[in-house]
């Protein structure tokens, strides 16, 4: 058979890339942990020592017995979690432009066997308790003709880079408790929210009434690692079967668990998130000096939505800065863009962007 | 927040582990490729250069334009592929104890929306053309009352470590062509089969009528990498959507593609498989000298199914040798076990096992 | 075994019942047709003569070769039709409060394997072309991350008793044609719309770009009969399999087909709908004379949504008039109710209601 | 609009039709009940008086509080019932050629979201306790890699016209109880089995460990009526939602309930089944006098599987007798056919067939 020569591919470090936090490489500590995990034989399918250790680390971190299921993607984490909470004939209440609604290609419907996502409008990405109350009342009035209230899903930090305060969370989960509905939190950027909230993981989750957390690591320095965290192990019954039949049970699970261990065990997750958030704050501060720039949302975490004059946006793109235009927000007075910072973003990267924007 | 100390975990190299080829670590070349991929920013969701390169490497390797979709697990590869071939009301014909039937927790049914796996008996794990002909005739006779013939799935190498010969493949695909049915090949151990067949990848697949291949790498030296290979790109329409909504589209895809590139580009996959197969052959040869040992299947690839006296099996287990007892094959005259070799198995590991077995 | 005595149950004719058109009994002509069908043996599963005849009657009626699949409920008709048009990863565009969204308990998601209904706001229940254009553009921009534009569904007459004009239909289907998307029409009250439009069935459907029609009969005089009508038989491929595996293929199909034949063959469907519409118009006219009454929507078909003073609504209920309060429309100035007329409604029934309302 | 003339269609009474019990018309008593139900307005979706009455009649009949859900087809009854018992990742154990496996086009997989039917071989259509024990042990050994034992389904009378004895039922449900698995009974011909068993409905079902019964009426004299009977109402939670979202909740439910009431209330179901069974017994007796005829199964209910010389089968077909050739049973010595009798079969019909067979 012919030998094919795979010449090495050079990556240019694109420090001007604000597309997303998932364009960054994995951080060194996590790469090292993966390398360290690659030693000798290990029991497959999660029977290894690292996966066992992850359970105890997570329990210590959340100050509670938890059950943790590592998976490789956020879509998998969210969809598996929701399928555990909602029957096929159930309603999952959420924000109308939540990631699970617009960015997962119908994965929650697929995994749940057809449950319906019922999205509420929310300018800042945060749903309100009264929206929930109203929707549940409608469903109860409709009986079998409508999908059954089954669960709610909150994104923390939200899709617009805002963060639910602890009291906002409590107000929502007061409603869900009244109706016996479980609460899922899409924490693809949970560490960024936590750093903003300045509270413990427990305070931000189960003490606020969250039942299941999709805990993201990939956007914050991992190669490919998310975890579904159940705060009540009883609720996780058969979840391992769901993960397996979705093809998300890794045979060499140690490589997933190793990432999560390195992420969680020594504060790396918060350290990375602090850097990302700080860079976003620096960017927000810098934009104040840019003529015609306007922040469209508060910058609580590591995403910025900014309206800029169209000519300025074009000029930035020409200079090699990378970001998404956000067409939903396009207005006559300007073009909206999204900027995302990550653990890998440096002050100089931000300052260079601001300088370029000022020049426009 | 309390800092949790994650002490390093020591793995003992268990050279006596014949549980499966997935207990082995990743091989050095693949680990190095993952490390090299972790350089700078890269477009997410497969927009990176490594993923693009993988397409062309695969095309060169298979001597044909192909479309390749990397995923992390074999169950994902198989189920996604089958869901592309079979409608929810379709029949997928296969071996009755195929991995997709007994070991994937219903994943093919989940992904396909309820298609039915119709399994044929086969002592050696290889289905026969006439079984297919008969089943299709029955389905056609039944009309809408029965599931519609939609696809077949062959495992190569099979679940019993045997390998379909090229002419056996042709005989089956002659039937499928007559009925216009696509052919899926579960190639979790495709490299091991290829080494046995001593032919090109093209000869072993599309030239024999295979339409879609689940190409495994994880059992043969990767961390977590499989690929769904479509030999007719037209058949892959919307497959990317299926992968996304199943949560199998990685944001940092480069880390999957890097593994597959290292695996395929310079013959590593065949080199690893040759070692695994050679160790299995050595084991088979050695077992001839063990009193009471009997091979239950020809050893074409890297799995051995062996009947041994019960006392001998127990003794081997006590000495720390690891393998599965295979209860389906248990007989009055002995206990059946499965031994799996991998790229990481060394001659000394095999010899030690044989010596221990001889001592029983 | 003990003999259980089933004493006859007396139904009181409730002429004050405006709950829905489905509280009416079946009309005499359809009952007679069912009785006539009960003669001798007949081939099962649609192999009977009446089912064959239904195909030709429908073809004549729609001036086109069509394929007709009788089913027993509107939810089945809609969900089966949509599952034929949209893949599991598809988007179905519709009105946000369409019957398929709010009143079918997730049936379209179930049947399609998880396709997403994307609902547009519309005060009068009629979606607008530009809403469609915008949503498709968004989906195309999102690529694999979003569900794929797959179909649209229009309700005719709408949930608010309005009717799309022919030009409104054309404006919408001009968009769908541009994007190659099929159009489903939920015609649970199609006859009522047709009578309003005063055009041929062909003009109201396929000549306007409709691909599949859920043609209702149950609300308009049948016991339990709806039909899925494909205007392009090629689009109906395997639809019979979908119907079967959903449990909607009757073994004694003649009893379904007989209803539809009686309904369609001699103009009964239009005659019944004319009566229902006329009674709704009479009610609308009468309400003008009721102080404080306000129609919330134009009355194009056989449903009225009326705001009345709360005390008046309560008084009407106490007098035994039956209708739904419509909480979504409740305002400070009054209570909204829905009144539905049917083929069985008589002028005296309407006049009695108006007289009672005037007395409030 | 053109008026289409629907000329009446004459059905020839085909007394030579032994195709199936579903080719018979509805019996007079049930037709009369449907007519009687068509009186005045009635609450829709099962809120009517007849549906309420059905619950109490069924409770009296089964000597137990039960929950009864009428549906129109047996496939719907079976699939809905199984979807209530088995999760999407579950295993449903049954006979390998059960109706749910071969004749429902994948409906159980569809309704359950992908549960797997695991079929056991059984010459007489009756599964054995040890098959169940073995399969459950295998599943438990496999853990998350295999589908989870979830339910069993028994067909009574079986697909081959045999009937499980009460002790055979008890032996099976002893196993299911040990493992906490619910038992479904496909009773498409339950009345025929009951007449054979000469016991009460309670003795044949819940007293033997049956949890859910698909109770058929269509094959035994109804137009279109089956019922899902839960012997523990707690197990029926949300079942009404499942029925609705499958499109099997009739708006004019009274027409379904009326059939079932007429069927069950005064012993009609047993009377009809006695006639069908008696005619099958008469046929079996008669066949003893036919040279070359051989019964392939005991005739416990109303189906006969008979091997006849090929020339004889052809001759019978030419004389207008209708039945299915059963190719699975074709042998070198003859052709297998299936004969089904129904409540509408008369002694003269049987005698005519026997006489014709004797003449061959």
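For clarity, chains are labelled A, B, C and D in written order, and residue numbers in each chain start from 1.
Here is the rule we use: contacts are C-beta pairs under 8 Å (C-beta built on N, C-alpha and C of every residue); 3 or more make two chains touch, one makes a residue touch a chain.
The structure presented is a predicted model; accordingly, all values stated were derived computationally and were not measured.
**Q** Tell me the rotation angle, 0 to 180 degrees, that brings the C-alpha atoms of subunit A onto subunit B, to the nearest 5.
**A** 180
**Q** Sort the other chains by how far their Cα centres are from that of subunit D and give me the top one.
**A** Between subunit D and the rest, the longest centre separation is with A.
**Q** Once you find the CA centre of subunit C and the CA centre of subunit D, what distance in Å lies between them?
**A** So the centroids are 33 Å from each other.
**Q** Between subunit A and subunit D, what is the gap in Å from one C-alpha centre to the other?
**A** It comes to 51 Å between the two C-alpha centres.
**Q** Among all residues of subunit D, which ones touch two or more of the remaining chains?
**A** 88-89, 104-106, 110, 113-114, 144-145, 147-148, 241, 244-245, 249
**Q** Help me check something: in the complex, which residues belonging to subunit D touch subunit A?
**A** Interface residues on the subunit D side: 45, 87-89, 113-114, 144-145, 147-148, 238, 240-245, 249.
**Q** Please give the residue numbers of subunit D that touch subunit B in the complex, ascending.
**A** 88-90, 102-106, 109-110, 112-117, 138, 141-142, 144-148, 327-328
**Q** Once bound in the complex, which stretches of subunit D touch subunit C?
**A** 1-6, 8-9, 11-15, 17, 19-20, 22-26, 31, 34-36, 38-44, 49-50, 53, 57, 60-61, 71-77, 79-80, 104-107, 110-111, 200-201, 218-219, 223-224, 241, 244-252, 255-256, 261-262, 264-267, 270, 344
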